[in-house]
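Chain nomenclature is as follows: A, B, C and D, assigned in order of appearance, with residue numbering initiated at 1 for each chain independently.
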């Protein structure tokens, strides 16, 4: 079952292959310039720090639906171990096994492929079981620090949480941008709040996962026109799931990661940020969201922070 | 073999127990205020982003000397897997097993105990095999964002790398501060460069690990007097190893983590930062170094970035 | 809440501490002699091999109820990797993360303690986070090969599966022994079939786990009187769960492992064995069930086989 | 660089594709019949049990040379955890991360491929990162129980350990068979002792790994002519390494696994068995060596035992 023509039409509209040269491996992160970083720093006015990562726990957001994407198994390899003999300083150490996309994370550019291709036309088989992503790996990304803008779609709709079937449209983004009081511009990282994470925070893991509101297949064009550097939101599926077009699974993933070369973030906790932005009346901030640099990684945990 | 009197004397001089109340779990991170964050943002003048984390790889800095602290085992759980049937969008996913203190990391406040006590007088047995750190866990830390100051001790000594037996002294810190051209103040995060990481970067893993230059047992008092929020450096052992005082193992760890309640960072790559600071003639920056929030973690990977 | 007097009375009746000397670390496996092994070999008449292990899979018997006891996460570390260049022989390799007690396994003698003691009076704190079981570890066990006897309690009750609340009593064991047509004797390994595993095989994971039929608190005495070497069954909880005596949790575990020093096996697939024994009219066999020798292990996966 | 003609000639001589039908997934294990098992049981005369597995430890035989094939990381997920409240029965649990081929193991039939093919002509891409071995997985193997025969090549050479460059030849096998006093026959599992493991047991891990004595490229034909069911030895590389024919890497693996469909075992500890066989003057025994049944496994840990 090949991808439908509708997908290919959208793909052509947002494609960035070759835009930053044939060897480019970082895609829209090229849009973050030193000027962008300076502008981001200028957003820090009161000195608030808002963390955006969920705790990494055995009862995290994964439900077992995706084999291999396991919640963190955190174990102690030493507990108050007196390494140098009785009465000496004691150490506690720990280890973890987890899916790189299990919690608050960035999808790397190799997380999806279609038609045998990755971003910038690289062959999909450049990802191997042995070495992971031999091109476009997350370890090659520059530090993701930019101006962040919260597009609080739930709040713009006057609700805590969008309903399950809600596909976030370009019109929704426009309305949230209006609420934000700032215009999204080149190099920005956009955080789209649906409120769906409230389900997880309320202990409803299955309901959080699926069905889920999320980005419409029409939004990649919006992000492309604004030359956004990256997009993250507060859902597990990122895009509306089940999908809008029957049989077209994960089109937003394919458009962002493969066609645009744009990072996507999932399971970001935007609840406190929503409150803070509303209180301060400011929705732009310095966002620091550096991917853990796993060599060959198709994704990476991240502990983002917004500074306002 | 109890800890010697010399240690207890030092401990008394730097102890912070009770300073932020009996229930405090974040120690010297209390010293980072909103004003500190604003001052940090003011350091961002040119918009440089300098990453400070080592790539997370199977041939990372661990040599096997500490059982359990294994280098990352990165595996793919899917490679271009056509989840929804042939011809559909394909996904690649990955998982990892690693020691939380294996690469570039923060030691959490429970990483060491002595005399049965953790920071703020908490009992050491609050760390359990089952739940990890039930108090003072890394998931409780606020986002570590502050003004960072590079104290480039190697450069101040006119060398690329301090010799193996070099204990970094308060006098070394003074000299490096002089070179930095800024005075370390309350809430700063200090990065101490020894140049030792160059060994790892040159492929000399064993030589990197041990013996190693590192902080002298006399430096905690220096950090305490300046009310530093956290300290990181570019070694595996953090402190001079083997230790200065025979039979007194890991005294700096015990003073920082247990007595002061101050985070320590290890295996930070300060090489590019050293070059950038020297070129710009500025050694203060906005440092964003948010610990991955593992619930119950005694430590955490971190992907720090300096913004100048 | 200390253990009730009733427990201590039972404990006294079955206690084996000191029976094989103060340094013994293998408990009732001492009862397997060379003669036992010869007698076991004599049970092999037709040459049938019946495997008793469940496949090790991500959708194994664990439901997440016990944190850390995760089903196997099996990942490929190489897939047809041409290690020595294009066109050469290619290799596929794999790795796993799993709870040692996640699938078909033996509980090691340190899996439980009570009143601060392990089997043979060893202090419970001989189990450490750093080294695991420093005494009584599974790596110290001799190969578990003996005469196996199937006590098919479900079949003796004329049913496929005992009901949830069914505590397997000494009288049940007597009836099943009658059906087996052989008398359980010193050094035998007894396999008790409840039929509960049929639930897992039918895809009912939650129902398999709990509530569950299982051994009554009265059975350890039966095993003790017969000088059984080890006992395994086809449930997750091993003993009746919830327990027979309110507030007395896991008494059978404590009696077997701590008092008797007797291995327990769980999640053994006895379905094919039940059919084979019924067809052949023989319920005794050579059982080979060697624990994977994890140094410091409190338990171990095992792939048992019955030879008839 | 395609495989040389010499390899293809050897391959033709030992090929078993189609021998047990086009759908066969167990290869030479078909040669183990009920009669074989009975004959194996008849070898149990004195009742000795000799374990053949190495302990599974963090300082196991792996040296890091093969990325991903990590020694076991054994961690405790609970240590004397009073699950049901203070004073109740306490439990200790553990977990492990390890390469399936890290210790004493069987290579499964998908462990190698050549020319795009697995055993029985199955396409190599039937092994996937997502599901592992979708054909020929170790979970499909019948229990490996058969007559085992020790071919003690080192002893036949009058040495404790063959020298590094020693390729075990058909003539060596003949001489060891002469020493064994029994003729290897269809369905037997042959254990070839080189003595190389003594290096690991003496703490010389690097020297154990490589260079190593091992099977010559001429031995597969010997095993094929005798219709051996499986072969294991006491080395890391199994075959002579570096190889006998320049540029022809791993030919024995390819002949055994791909052409013959015959399991290979590595890192088996044959030292005690060598002593026991010499003392008893018997080199045939019941071998029980059931692979841990990992679904999709390309290999599996095994804890073999010889019964004499």
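Everything below uses one rule, namely that contacts are C-beta pairs under 8 Å (C-beta built on N, C-alpha and C of every residue); 3 or more make two chains touch, one makes a residue touch a chain.
For each chain, UniProt lists the protein as follows: A, B, C, D = Cyclase family protein.
Source: prediction; values computed, not measured.
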item	value
C-D or B-D - the one linked by more C-beta pairs in contact	C-D
Copy pair chain A (Cyclase family protein), chain B (Cyclase family protein): interface residue numbering same or different (half cut)	same
Chain B (Cyclase family protein) and chain D (Cyclase family protein): spacing of chain centres that average the CA atoms, whole Å	45
Chain centre separation (chain C (Cyclase family protein), chain D (Cyclase family protein); CA means) in Å	26
Two or more partner chains touched - positions in chain A (Cyclase family protein)	67-68, 70, 73, 75-79, 92, 95, 97, 128-130
Chain contact topology (line, ring, star, complete or other)	complete
Interfacial residue positions of chain C (Cyclase family protein) with respect to chain A (Cyclase family protein) in the complex	58-59, 64, 67-68, 70, 73, 75-79, 81, 92, 97, 128-130
Parts of chain C (Cyclase family protein) lying in touch with chain D (Cyclase family protein), wherever the complex brings them together	1-3, 33-38, 40-42, 44-51, 53-57, 66-70, 72, 74-80, 83-101, 110-114, 124-125, 127-129, 132-133, 139, 142-143, 145, 249-251, 253-254, 286, 288, 290-299, 301-305, 307
